[in-house]
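Quick heads-up: structures coming right below.
Okay, so chain A shows up in both of these, paired with chain B first and chain C after.
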Partner chain A sequence: MIKQKKLIVSHAPFIHNGSKISIKNYHIMLAALPALLAGIYYYGIQAVGVIGLSISFSVFWELAFNLIAKSEKRIGDGSSAVIGVVFAMMLPATAPWWIILIGTFVAIIIGREIFGGIGSNPFNPAVLGIAIIALSWKEYFDFNQALINFDMDFNMFYPLAALKSFGASSISSISVFDLMLGKQAGAIGAVFGIGIIIGGLYLIAKGIIRWEICFSFIAGIFLTSMTFAMFAPTTYAGPFFHLFTGYTLLGIFFLSPEDSSSPVNKMPMILYGLGCGILTILIRNIGVYADGILYAILIMNIINPLIDKIKPKAFGKV
Partner chain B sequence: MLKKPCFNLTKHKLEYESVKEFSSSILEVPLSEKSILFFDVSQEVEIKPDDPLSVKQDDLLKTGEKFLPFKDKSSKYLTSSVTGKISSINTFQSDYGKKYISITVNKEKEEIVCDKFSKKSKEPTIANASEFLSCIPGGISENILSNTGEIKTLFVCGTDNDLFSVTNQYIVSSKIESLKKGIEILKNITGIDNIILVVNKYLEQTALNAEIKTEVINSEYPSSLPKLIVKELLNMELPQDKSFIDIGVDFISAEAVAAITQAYNTGKVPVDKIITFVKKDGYKLLAKARIGTPIKNLCAACDTAIDNNDRLIIGGPMTGSAIYTDDYPILNNTDAVIVQAADNISRTSDYPCINCGTCVMACPARLSVNILVRYLEAGLYEIADDEYDLSACIECGLCSYVCISQIPIFQYIKLGKYELAKIKAKAAEEVDD
Partner chain C sequence: MNHKKELRIAYWLMIISFIIGVISYAACSKQSHENPLRIMYKTSAGNVLFDHKTHASDTGYGVVCADCHHHPEDDSGLTNCNSCHTKDDKNTNLPESCLDCHDAGDIEGTEMKNSTDAFHDQCIACHKESGRGPVECLQCHVM
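Showing the complex of A and B:
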């Protein structure tokens, strides 16, 4: 018998552009750093504890699920770690450990793994996790209450709550620039607006998140809040206030463009972003919640498969 | 065509190779002891597996001699590229149901050139072209040779379909006169008036200097795939239910046109193929070999050893096919041969689609690849076609190239098309019954 060489046979293409899920996720974590570092600067070692716990619990839950379900272990790709990072960004620095444990369980197991793991989640897992624990333990997400023991050199209060209770006059003393610098009470990664914008632009430049979603989100917020402010300027705040308070910037650059729960075609991406923006302001201005962005994103996540059916006509189709 | 996402500074475009970066010398591959001729029987419905061949072992073939492997069933012929005796006849199965009859010819000491063509080819006519020239290097379509008058525009591709390859560009840059004459011959014998040379920007000046009717196309992959050439130059997308001949368009490679000129100049049927050879370290060179030369002889001539677990690719890196044996011969349409070392092979993974949408952005056919691949993974080929336009795919392979989950999307699509064709054929059969 002639000795035959064994060659590798596979299908075209035989080259690849080298992109990897792990690289992508590390870039997202890198982009989150400026906002997180500012949070640590403001809230100190407690914030480090919350971030660390959130990341490790997320990875732990995925690993635990993999072991129970006997599925392939993929914690190395960093997708759970990214959920952990984004989850921590939305927490107050005073969040107790058990809230983080339960929240990451909801995010990883209920938000993602039971739907089939990475790529199959209908909702942004981190948003789902935060939404559920914010509904269950309201007091920890009342940022004025939660952060009462922090003594800062600026007026420490949660602007959205003030707006909700006392109208636009109560926030007239706050300058937008102070909000951008993070001089407000809020979640660890959500207060330092400039940092989030830098991270978001970095992700857009890298092609990791889509500018269509981010910019139409901003457009939606501007359109709706300006309309409200035009008719009742004493009750409703202007667009810049909405942009730099609460989870808004986080929602624009880190929550809404999440791969699996956002559309991929051009027109749907714009509709999705607009919808998120409009709903956010509607909930903030008319609804009962001070910050409506989590529910806006969850609702748009549900609609995503529907609007993503708007697709261009295929090549040569008559 | 890989569309750059807005602001995306990091991803580069896929540009076609330029022949100008190659050394001008061309490596001549010596004649091998054994040559293998492939006769494609996958399209021949008349031919059954156990039909007797019209040739048998120990028959003598001359260089350039044409013979009909299935005289009674098919008028398709093969041209022998060497002088020698047939040593064995086998069948060879390739991917997607392709079947070949492989005829191995042992080289004789003395080469005899068959003179039937030179006797009949004093003047170029469509009759002698279709009688002798259908197997020339580069290939020529039956529609051109049957001369039915349906073709209004003939594109001479001076570009290469796939990346890495520069075979056709080489012909334009080095044999422009013979290309010009070939176009004249084609005009005369087929009566097609509108013959256009298609080049990319690297060779625009060369073509213009020779005063050939030329169009320049984009130099980014996959602009020189036939459907995209039609889209760019005729400003129309080929409708899904039509073929090129329906809209009066056909293609011929620059190499084939040059071969036609060579045939009528010398009175011999051309049997030498120009191949772009890519070594394991990525070094590219041009080689000239007889059609039928086994790939292993080509590799040996190019100083490349094939080891276990290497990958041997026929055609380009995006659309070619990997072969499982280095006994595979050079065919008349083998423009490039690529060798990849075992540790340099990009692999696919079993990660699921994460819905990032990079493939949707890259797709020149505007498919919703992210949803399509889910249906294909589940084997729902008919829904994939009805709702997600499986058959609109132009087979460029960009989706797999950019896939962050490294899903073999292109393989799913090709398999899907193949299975869909089988389903449709079966349905048509049932209707007939």
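Showing the complex of A and C:
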């Protein structure tokens, strides 16, 4: 009998490049750091408290769900911690602890786990969590009211509220550079534009988020806001103002490109980003909300499966 | 990094961030200043964000405290507007806070403007007098 080695052929993949979900999520947390540190610089220990509880509660909710559902513990992949970080970035530094507890529950359990966990969520969980609590307890998201006791060396008001109430003349004195530096009232991780851009470009360079979504989002904002400003310059603000206020940059680099709720094909990604940008400005300019980006992203999340069917790239050749 | 190590990191992250969060919340009780910076007046006609610091500071509008806080006249202490000028239109009784300094008999029959009239009279009159600042409804009631 001929002695020969028996080779077992298993199914693909045959080679693993070492990338892991946990590594990807650590990179996202790292990318969020410049914006978060600026938030801590401006709002102090209150911001630290919000960030700490948000991360902790997010991981806790996933762990609790895993225990109750008797499913595999997946908190190690860092995806809940990332949701906690992004959720905290959208909160004012004065957010009460129970808002964070409820908001992270909505994000983790309702926004993700009940749909099947990581990779199955139709909406960005953090956006859904914030949107629900912002609708339920809107007084905590009135940044002028929430940050009323913060004494800064700049004019401390929420620019989008001023634009909504007074028109473009009220924000004519605001320098875009000041907005980029974070000299405005806003959420912990949403005010320091330069930091968010650095984090976003880092994620693009690492291949974690897709540039098509980010740049088409920016294009959508520019096209729509310029159109409005062209017809009524005294009522509507220009594109740079919209880009550096509210959750805009956060939406471009951290919210809209979320894996599960955004398209995977090139053309759909561009359409998705454009839709987010256009809807954001439409809601801001003719809607009732000062910052419409949460709803713009949620709407685009809903139609994401539909637009992802446009011109799909076929694998192989016939 | 194996699954167990990742899980251990997540447990530590959850515990440490919880401790940091609780300590931070405990360390900073609600921030408040002796002199308010900004005040949000909540009204049914739209909230008014009043920049107290800019009005009162010398680098701002330089309004003297007593111009608004007109009672008590001897400047023994600045009284919050709403402690005397209450919201309720139908309430003809004087607020209880008056009795902190006055005997009931001394202030009997005194008429007190409600907060709506008091603020409107004070703000609009001052803005008209100085020729600066909003005087129309929707210039203040914007929030």
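FYI, the second predicted complex is superposed on the first by the 301 of 318 C-alpha atoms of A that agree within 3 Å, B and C clash if a C-alpha of one lies under 4 Å from a C-alpha of the other, contacts with A are read in each partner's own complex, and residues count from 1 in each chain.
Simple rule for what comes next: a residue touches a chain if its C-beta (ideal position, glycine included) is under 8 Å from a C-beta of that chain, and two chains touch if they have at least 3 such contacts.
Every value quoted in this text rests on a predicted model; they were computed, and no experiment measured them.
Of the two partner chains, neither chain B nor chain C is touched by A:288.
Contacts of A:14 after superposition: chain B is touched, whereas chain C is not reached.
Look at A:311: by the touch rule set out above, it reaches chain B but stays clear of chain C.
Within the superposed three-chain model, A:6 lies in touch with chain B and out of touch with chain C [touch as defined at top]. 20 are the residues of chain A that lie in the contact sets of both chain B and chain C, per the superposition on chain A.
Every residue of chain C that touches chain A in the complex is listed here, in rising order: 1, 3, 5-11, 13-15, 17-25, 27-28, 30-33, 36-40, 47, 49, 53, 142-143. The residues of chain A lying in touch with chain C in their complex are 20, 22, 44-46, 48-57, 59-60, 63, 73, 75-78, 80-81, 84, 94, 97, 142, 144-145, 148-151, 156-157, 161, 165-166.
For chain A in complex with chain B, the touching residues are 4-17, 19-21, 24, 72, 74, 116-120, 204-207, 210-211, 259-260, 262-265, 308, 311-318. Of all residues in chain B, only 5-11, 163, 227, 237-241, 306-313, 315, 317-326, 338, 340, 342, 345-348, 350-358, 360, 364-368, 370-371, 389, 392-394, 397-398, 400-406, 408, 410-411, 414 touch chain A in the complex they form.
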